[in-house]
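As written, the chains take the letters A, B and C, and residue 1 is the first residue of each chain.
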Amino acid sequence: MIKKRCMFTAVIIMILLIMGCTQSKDNTDGNPENVLQQEGNMEFKYAQNFNVDYYKGGYSIISVSDGTRYLVVPEGQDVPADLDKDITVLKQPINNIYLVATSSMCLFDALNSLDAIKFSGTKAEEWYIENARSAMEAGNIIYAGKYNIPDYELIMSGNCNLAIESTMINHTPEVKEKLKELGIPVITDQSSYETHPLGRTEWIKLYGLLMGKESEAKQIFDKQAGYIEELANKDKTDKTVAFFYISSSGNAIARKSGDYVTRMIELAGGNYIFGHLGDPESATSTVTLEMEEFYATAKNADYIIYNSTIDGELSSVEELMGKNSLLKDFKAVQNNNVWCTGKNMFQETTHFGLMISDIHRMLTDNDNDLTELNFIYKLPAADGEKSDGKK
Amino acid sequence: MEYFFYTKKLTVGYNGKPLIKDIEINLKKGKILTLIGPNGSGKSTILKSITKHLKSICGTIYIDNKSIETMSNKDISHKLAVVLTDKLKTELMTCKDVVSTGRYPYTGMLGILSEDDNLQVKNAMELVNAWDLREKDFTEISDGQRQRILLARAICQEPEIIVLDEPTSFLDIHYELELLNILRTLAEKRGITVIMSLHELDMAQKVSDLVMCVKGEYITHLGTPKEIFQKDLISELYDLSNGSYNPMFGSFEMERTKGDPKVFVIAGGGTGIAEYRTLQKKRIPFITGILHENDIDYQLAKDLSSEVFSEKSFEPISEPIFQSALKRMQSCDIVINCLKSYGEINRKNKALYETALFQGKKIIENADEL
Amino acid sequence: MEKSKSTRYIRYIITLIVLIILFALLILLNIKLGSVDVSVKDIINILFHGSGNETDYNIIWKVRLPRMMASIILGGALALSGFLLQTFFNNPIAGPYVLGISSGSKMMVAMAMIMILSRYHSVNSAVLIIAAFAGAMLSMGFVLIISRRVKSVSMLIVCGVMIGYICSAVTDMMITFADDANIVNLHNWSLGSFSGTTWRDVGIMVSVVLPTSLIVFLMSKPIGAYQLGESYAKNMGVNIKLFRIMLVLLSSFLCACVTAFAGPISFVGIAVPHLVKSFLKTSKPLIVTPMCFLGGSVFCLGCDLIARTLFAPVELSVSTVSSIFGVPIVIYIMLKKRVH
């Protein structure tokens, strides 16, 4: 009898769970057209995860790919009545921002809008963006706790009127709900889902809109786009590149084919070593590979770019091989073409164009003394040594 | 008179495997039934079946004409109380707390004791002479005291039957007597029926109205102490090949030493007992005589001595007996003379002694010298 | 005679008074202390007149108060759950999680995170709460099913430990196959926290924990009988089968509630009953049960206060703090028992 009751409750619970998931799918579109008059929309070259519609009177509605919508109300204007309930109102000027999405700090910095940020979810010493770090050290931006246990009191006391979260917040939905309960609107930055690297950079236009600096945003973006256009005329090389890191459990974590990092490599004229890695439908951008599997495919990559943003920068190829001795057989290791990203890579969203040109130089420049570029550096064979030819 | 407690074709065992079959007990109110038998014979099994801790395999148990199967746990708690061998690991409970739990079937929903309940507890504890222990922690008292507390607990449950499993196992003689006395009083004065198992046969003999022998697949005997405590019955019950039972004293003696005896003990009137025991300990076979059949020495001699020369009670030692004793003494080397004085009916023992002396046999007073 | 009875009652009353004082004190501290300084005068206005600065109002009513309520209710629930299981198993280090509940919850939460978050980008917090609760009930269900076939009660602990292992193994397997990004927060969930409690959560907690605690209190009599062991309890009329089930159900419910809303919080359930009993010098359930609840609330209020204010804005996990205070207590008790 108890068994039956258990099964029954289990079934009910499963049904509730399933109901819960369906909540988060795309919602219905309520038309703000009843209240506002559309005047046009923002143009995008690469970004696919947000959209902006312009309306008469200076209003604009941002629609993010996770189904959320925001109405940006210019300073001094009224909030229109009868607005759809699921549209969050953001009144300009927007300031005292609580910023958790690390990739957008760079965009705010480029827009010279750091003063709009009051709280950060990352500690001072973990920022590689100079201005951000110094702002925190000067006390202009305050650390407000980890993203999953923020200090609500602190944030509220600073009159925060916007929280910009990263997709990590989806794992702790109660934080999002709490912030909303406290009257703080939340935008979840979806730029990590952009497949084109410049798609990420293009989010500067969203933040530019919020800050009232749309033209500056466009300018910055166009410059980066320029780097790409330059390279578009160059020939594609046939060099292959492997981009990965070794996790603590000994597996290789590589990027999904089609993800923005692999696109950066392609745009730089290289070829990502994995043709069809990962499930294009899946939301995650990394793929875990067992070392042997990885070895079989990536062994022949011409270049290795090691992703040091997760567990720290490497100082030598020797250190890399310490992670797994199989790497010794890799073509890139034997030919001394191992590079490493700086830890700041994911934080430097505004410079992706430059990053791509870095990679292009890595692939095409035959100068053996070239060991340092803007965002990647070549690993010497052993600590302290200068890297030289074949072993 | 009606039986208060009886069983019909009761079969008990564990996991559906019958251990003891067809148990038929008929016990009147206010009587004490004791189960005896070797370890592992199933005494505890029977007791557990009676208290419904174990499901009986078949048959019925009746208390006051009602089958216990038809009674709920609650009904039974009003009629039957137990004292078990389980080691209790209580925490921060005083003795009074432990005894108070016996009032459980009578208290209200939250278990708060009323005036009357407290009085019952007090009476029960006074009955077992444990009232002065009431504030002590239950884990800090001696085994003897603990048993008394548990008995008090059972008493204040106001049962009509008390079932005890080896209640005297951990007790020294002082407390054992005390406990059994209390049980006897309960039975006589309050008409409480007692069912228990005991190891100590002498106690079982003294305290019980009815005794049940548990051995093998069936109950071997059920009867009064007089019927049960017989030499052969007990020897068989406990497989006594290495000793013997003396129903007169209710005691056990160790095994008779085998071999060709070379020692003759002249004894009588209780003088020989110590010597017999010493010889037996030293594993020296011996012969003894001439004893009268109503002499104390005779009882022990029958169990320990290889050969006993005896005369009928109250009769002076006759000539033929004397002669055969004398003859037998010839083949012995050592004579232990226990008697210091002689009376009319055992004067011939003096002659035995003088003959031994004359024959140059080694004569000692004490078996320790051997 | 009379003297010792009254000394006993005096002890109970003193313990009660001490607990109430601590309770009141910690409530006041919890309302007053935090990252933001709100003056006492403002607090009084906010609490009783509903007036005041909007930010401060929200801080008090929406951040501090619900969190405080969670500490009180869930702390009490944990302590009660621990007391029940310690009595039932006659084992001083039994705790609410001895039946494998936290492993079950973690497993279901991991499943929810992996299955749902990898397909859809976001999820309602209610889903994770329900998942945790469901996981707890699942573990409990297994224990109940096995308890019907098991003779000795200590086998249930073995059973709980085994279930804990199985659930952990399944969880680890899921973690292996999942992408790092999906389960990175599972570790954080396992640390336990009262942060982010809303009044909706409090409402649910109250409606689950209070009735359950009341039932536990009303079961003081059979629990007391049980303290002499199962055999005696049975003889005194307690329905052992039903009692076992009730006990597992009640303690699991309390524990599941805590785990669902705050994640697993260690040591409160083990340490508080011992503390309370050592002050009361009795183990009578009628007295111990309410005191345990109060004691658990006080303990959690204290731990949470420390967790959120000591290194603000960094928040320690409540489990960390409760372990730091709980472990010495448990060790002390073990040593004291040894001496006996």
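What we mean here is this: contacts are C-beta pairs under 8 Å (C-beta built on N, C-alpha and C of every residue); 3 or more make two chains touch, one makes a residue touch a chain.
This one's a predicted model, so the numbers in the text were calculated from it and none came from an experiment.
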{"item": "Chain located farthest away, centre of chain C as origin (C-alpha)", "value": "B"}
{"item": "Core chain by centroid distance, with centroids computed from Cα atoms only", "value": "C"}
{"item": "Rounded Å distance, chain A centre to chain C centre (Cα mean)", "value": "39"}
{"item": "Centroid spacing, where centroids are CA-atom means, of chain B and chain C in whole angstrom", "value": "54"}
{"item": "Separation of chain A from chain B, taking each centre as the mean of its C-alpha atoms, in whole Å", "value": "88"}
{"item": "In the complex with chain C, residue positions of chain B that touch it", "value": "51-53, 72-74, 76-78, 80-82, 84, 86, 88-93, 97-98, 101-102, 104-105, 107, 109-112, 134-135, 139, 157"}
{"item": "List of chain C residues in touch with chain B within their complex", "value": "1, 4, 90, 218, 220-221, 224-225, 227-229, 231-232, 234-239, 277, 280-284, 286, 340"}
{"item": "Footprint of chain A on chain C - complex, ascending", "value": "34-36, 55, 58-59, 62-64, 112-113, 116-128, 130-131, 133-134, 137-138, 141, 144-145, 148, 176, 179-182, 184-185, 188, 193, 195-196, 198, 245, 312-315"}
{"item": "Residue ranges of chain A touching chain C (in the complex, touch as defined)", "value": "2-3, 6, 9-10, 13-14, 16-17, 20-21, 23-25, 66, 142-146, 148-154, 156-157, 159, 167-168, 170-178, 181-183, 188, 190, 247, 249, 253, 282-288"}
